[in-house]
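Lettered A, B and C in written order, each chain numbered from 1.
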């Protein structure tokens, strides 16, 4: 990343209440130009509420939102002109054709879009030959493609996708993933992508934030957060007390994360696992199982199972 | 952007099947009425002349296109509001139900502009309904029955308006009827801003019209003060153009009441729409 | 000489008195026959009419119409617009007068109308089944024309008609007619649709029991021939 990269999205201490229900309590994150930014959280964490707030579908109760360096409240139209988005599943006018739907949204996108551009976009998203068909006959995947078409038709700088792979078959998921990478690499777009699936974010995002119960918890580069070199290793032994004593007396500088009667959790690199195993066994500790997970993956799994 | 949005809204109205229900219903109803009057219109007309027929004889083309148009307007004008609300009540809530409102309101156009463009398209649809009604009621009636003087039976007596003096009255009457229907459209649009489904605003609009009409016709002193303020009381203002002399003061009063209703309802709709959180 | 003059004047006076006595003592039927004969001179006529209505509960502008008549009883009013005429029509008098056996005519006095002296003839129908209850005619016997008529019928109530003559007096055809109509039974049905101005003042003429219809007749074409087709509706 270049020095002083341009901030496309700045969210500071965003909060949203619906009556007594707190949907978002305190969310903060930044998205830089060129990012594919993962917005990760379990279902009900407040992702959709946050995204709807960014797109001015919802008014925040508290907090500050800036996009392209401008406050959203006072520069709504300027900002939205530069954003393309899909919020949840893309819904269109069933009684209109794909082409008519695209024209409807292109007309109010803030850009001048020609008929040829419409047809190019339809071809780009793989709907060539279906443009004259009414939306009532479209599958979910086809609607998703058309959703991406309407998000891109006016050549926006920022694309916001809220759970874009929901309901898609494996091929559809791959197509969306490739499309996002293409947008970043070939068209230099900034993408904010929300999901509740870590692996999905991991594959395409370079930066991410995790939120839960309306609060942002962790933010940073994906590689740093999901550092494969450090794992959370769970070892099942006959006596954790004795095992801890042995590990502490060794010169391995291990970090003991947690323990109970028979389970010991260590933060160690993958390369250190055999050495730890050997140390314990040589000192009379019975090792029943060793399981290694990345810290963040475990962390996120705990979140989603709460 | 506002005009582009209005064009979009008009395309949507034109593409919806329900938009043609109103036009079809008017065509069918007027067709039936004209057929019936062609078969036995003189019996119907005698209702108008009956109070005078012991002493007087009415000569000339009594069953003419102008009289038919007036009869049709009287019969249908109470049913047309439903046909208008069917479309205008769906303008906002229909998008919420369909989910398209999410896409629509993430575009760089203010919510007020979106709402006004929907309102304008709704008014244009209402205008088409009134024009179609006029073409069928007046135009087709004149082709079938010919032209002639218009007999209007009011509560204070019979007014016979000469055929050369009738067209401007019909045009003015239709214009006022259009304003009355625009008031209905505004009411249904306002309800639409509060609802997430199509049926609610339509049923609510008709419920309000029925309730206000009942209050308006109940001869109970307790309602005397509010009756002149109800928009339903003034929905028949078009009829005032067929009186002689023209009750200018009453007509202007009706226009003011209807316009005030439109302005107030629209203000409520704009406020709600602007501040609404889009959760659907 | 003086005696001859006196005798001459006495004779003249007697002759004139006898003559006027003769005239005055014409029977009512004779008077009516005289009127009828005059009316029959017009075998057919067409005339333009301006019809103006002054009736409670009715408001309309004056209407132009064309009226056609052909003996014995063909009568038609053709107007571009809607015209209101008394239910009896214009030929009620002719129809009534043609059969002198159907009524008894009685001399009921005299009256001055305008500059004319008229004999009042009452017409009482002979049969109970007749629609006419009572008729009264003010006849100028010098010209054999009716200046006023009052006809009371079972079906149409009482209509008083005043006639003014001009160009067609030789045929007994008037230039102006004023009908005074009984309007007690005019009642507007309550189920009149949606009249929002219900609260406004009622027609100021509504309290009147009588109304008038003014008919001005001009451009007579008498005995020019009228095809029967015109009388078919």
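Just so we're on the same page, a contact is a pair of C-beta atoms (placed from the backbone, for glycine too) under 8 Å apart; a residue touches a chain by one contact, two chains touch by 3 or more.
In this text the structure is predicted, and so the values were computed from the model without any measurement.
Counting only chains that touch, the fewest steps needed to get from chain A to chain C is 2. More inter-chain C-beta contacts link the pair B-C than the other of A-B and B-C.
Measuring from the average of all protein CA coordinates, the nearest chain centre is that of B.
Chain geometry summary: the mean Cα position of chain A and that of chain C are 102 Å apart.
If you average the Cα atoms of chain B and of chain C, the two centres end up 50 Å apart.
Residues of chain A found to touch two or more other chains are absent. Here chain C touches chain B in the complex through residues 55-61, 63, 65, 77-87, 89, 155-157, 159, 181-183, 185-189, 192-198, 200, 202-203, 206, going by the rule given at the top. Residue ranges on chain B touching chain A, taken from their complex, read 1, 4-5, 7-8, 11-12, 15-17, 98-100, 102-110, 275, 277-279.
Interface residues of chain B, counted against chain C in their complex, comprise 47, 50-62, 74, 78, 148-149, 151, 153-163, 165, 233-234, 236-237, 239-240, 243-244, 247, 250, 254.
Taken in their complex, chain A has these residues touching chain B: 18, 52, 55-59, 76-81, 83, 85, 87-96, 100, 104-105, 107-110, 150.
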